[in-house]
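Each of the next two complexes has chain A plus one more chain, namely chain B in the first and chain C in the second.
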Partner chain A sequence: MPVHVTLPAALLPLFPGAPRELELEAATVAEAMDALEARWPGMRDRLCDSSPAIRRHINVFVEGRRGALETALPPGSRLFIITAISGG
Partner chain B sequence: MAQQTMLLIGTRKGLFIADSANRSDWALRGPYCETWPVNHAIADPKTGTIYAGGGNEWFGPAVWKSTDQGKSWTHSSAGLSYGEGEPPIKAVWSLALGPDGALYAGVDPAGLFRSTDGGESWEHVPGLRDHPTRPHWMPGGAGLILHSLLVHPEDPNRLWVGISSAGVFYSGDGGKSWEPRNKGTRADYNPEDQRYPEFGQCVHSLVMAAGAPDILYQQNHCGMYRSEDGGQSWTSIEQGLPSSFGFPAAAHPRETGTLFLLPLNGDIAGRYVPDAKVAVYRSRDGGRNWQALRAGLPQENAFVGVLRQALTTDRQSPAGIYFGTSGGQLYASPDEGENWRCVAPHLPVIVSLETLSLDG
Partner chain C sequence: MELDEQQFHRYARHLILDEVGEEGQEKLLDAKVLVVGAGGLGAPMLMYLAAAGIGTLGIVDYDEVELSNLQRQIIHGTADLGRLKVDSAIDTVTALNPGIKIVAHREMLTAENVAGLVAQYDVVADGSDNFDCRYLLNDACYFAGKTLVSGALLRFEGQISVFKAHQPGNPCYRCLFPEKPPADMIPRCSQAGILGAVAGVVGTLQATEILKEILGLGDSLAGRLMLYDALTSRFQSVKVPKDPDCPLCGSQPSIRQVA
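Our next item is the complex of A and B:
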């Protein structure tokens, strides 16, 4: 059963054709990043740094709770990837 | 032949481009690069390809690329990493093309990357970060940034970098090994007996004289300097200038001894132009004598600064000189600084300027 993913609006212009919402197969947030990278090469670099970790000003929520790369994605769960408050 | 001049304006809110056929009337377009902060943009004079380096607080560092003079853009940071467990790269700060076509990127935290496929992918040049002094490098006000990047115009193995505030470093072997080149430059912020260290100087801008790659100029946090031996030793050229502080420097495109600076009033005096009057200073004899150029520039209540990469020249004759303020005003002179005009008054913070001249 796929996972429902919502991408940050500010990410979409960087990857022409990427939709705001999509479904993919992944058991963890890290696997979801792999799946996004496979569809849109370079997308993982925009969301994750080399630590490896989710970037400091990006937040991921799994079923409404703040998550990290290792967070499990139960079948059918919702993964929200959003931009945190930042900038000036 | 008539030439079209393209001005690449890196700002905190994207890259802008100003175009002119006569260097008098300018048309502004942008912002490009999805309004990401763009710290430096350059154009390849052979192909017209534009590269813009920057970093976004959300999405990290990238080098943007346009092969159609800014109409469309791609971006990449493939390989732009020190690897797992190492500090993530925040932003790209400087770009330079070598005579062999290699593209270099200097980043924050300070390090050097090279691309041999036109910015599609990057490889770390590890020799610089492997330098034994690196654990002692201290960040400047803008971070530990590699902001100045020079490649010898004929020998791609000879590289100079300027890092705030680690100083100037040189490699003669394509980046495998590096040596500090700061002899004669001061670090006034150190204790009195440690003001001429081997490294740790706060270089602000490093430029190369036209046609004489061993003649370098630098604007430092603590003085202005000339070197005639590729940076092995430096001589102060402060005399005749209103202060020893400033950020940018620009070398004339053809005249070896002609240099442009934009001194600010001092590091603890507010860092705006002296007496709130804007002036570009020009020397035609390697920094021995200086002339203030003010015609057309604000001479009252101008509390503005100009950042380290925000003063540049074009390649035409007479040379055009350009600077952008941290308040977002862009000024242009078509005649080597004799006369100035504000050509864009309301841009975001201007971080860098470069030009491209195209045969029209």
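Our next item is the complex of A and C:
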């Protein structure tokens, strides 16, 4: 069963065709990042640093709880990715 | 402070709320709130806070009103083009409610002045448009023990939270976003756009949270981040735990002063 992913709205203009919400097959957050990178090259670099780790202005939430690259994604779970924004 | 007859009429719809009443309205009239930024978020915040009878409203901004602001910054009008936003905002809120005190801070927020500004107020609202201000306000509010009501916008999205890391167990903005993004990693509204009314939604939510904080009503957004997506007409809320390794409010902080 795929996982449901919500991408940061702020990044969508940078990746034409990327939807706000999508489904993909991944067992961990890291695998989800691999899948996103395969579809939209360059997206992983926007979300992860070279450590590798989630960038410090990005957060991932799995089923509403903050996660990291190694966090498991149970089948059917929701991965919510947000970025800091500064507009006022 | 006791309400006079005019105030009984002006605030009548507050007074009939059992949760507010005369005592609550007096709390609002005694409160001092600092709003940083008289832009998209500051506009609705200032107007609702003034209308609600916040006794002292401070406004920090050094920008002038530009034509491209008017699509969302409804505190300013076409006749205000070229004026300082602080002055334009003061005229609007004074017309709404001449019975409150407005304090103009016609200056840029800096590491040098932020502590002095924050110290003068009970609650601080972040309606700024850049990350430097967001971290300055977070750090200054933490050191001063002041509650920070934060809002941010981009395109069709808004983020709202309340930070009171000076109280045990509560996170600060750095617990959520430890560092600002590298330059050009995240577009600004001037680059990516903002649907005007989204600023109204988020700024009004900030004003509501400020009133709740002063009145001691309901559940605070402290420890949660609320996200509004105008395109899906959806609100989502995620828990923001305190980061024990936070460089500001963690157990071994490396940030000892605002810088």
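Points worth noting:
Keep this in mind: the second predicted complex is superposed on the first by the 84 of 88 C-alpha atoms of A that agree within 3 Å, B and C clash if a C-alpha of one lies under 4 Å from a C-alpha of the other, contacts with A are read in each partner's own complex, and residues count from 1 in each chain.
Note that in this section a residue touches a chain if its C-beta (ideal position, glycine included) is under 8 Å from a C-beta of that chain, and two chains touch if they have at least 3 such contacts.
These numbers come from a predicted model, not from an experiment.
After overlaying the two complexes on the shared chain, residue contacts for A:Ala9 are found with chain C alone; chain B is out of touch. Legend: residue contacts after superposition of the two complexes on their common chain; A:Arg20 is shown touching chain C, with no touch to chain B. Residue contacts after overlaying the shared chain place A:Phe80 against chain C, while chain B stays out of touching range.
Of the two partner chains, neither chain B nor chain C is touched by A:Ala35.
Looking at the shared chain after the overlay, A:Arg46 reaches both chain B and chain C. Contacts of A:Asn59 after superposition on the shared chain: chain C is touched, whereas chain B is not. When both complexes are aligned on chain A by C-alpha atoms, chain A residues 10, 13-14, 46, 55, 57, 83-84, 86-87 touch chain B in the first and chain C in the second. The part of chain A that touches chain B in the complex is made up of residues 8, 10-11, 13-14, 41-42, 45-47, 49-52, 55, 57-58, 83-84, 86-87. Listed in rising order, the residues of chain A touching chain C in the complex are 9-10, 13-14, 20, 46, 55-57, 59, 61, 64-66, 80, 82-88.
Those residues of chain C lying in contact with chain A across their complex are 37, 39-42, 126-131, 134, 151-157, 159, 176-181, 185-189, 192, 194, 199, 225, 227, 229, 231-232, 236, 238-241. Only residues 34, 57-60, 62, 75-78, 80-86, 88-89 of chain B touch chain A when the two sit together in their complex.
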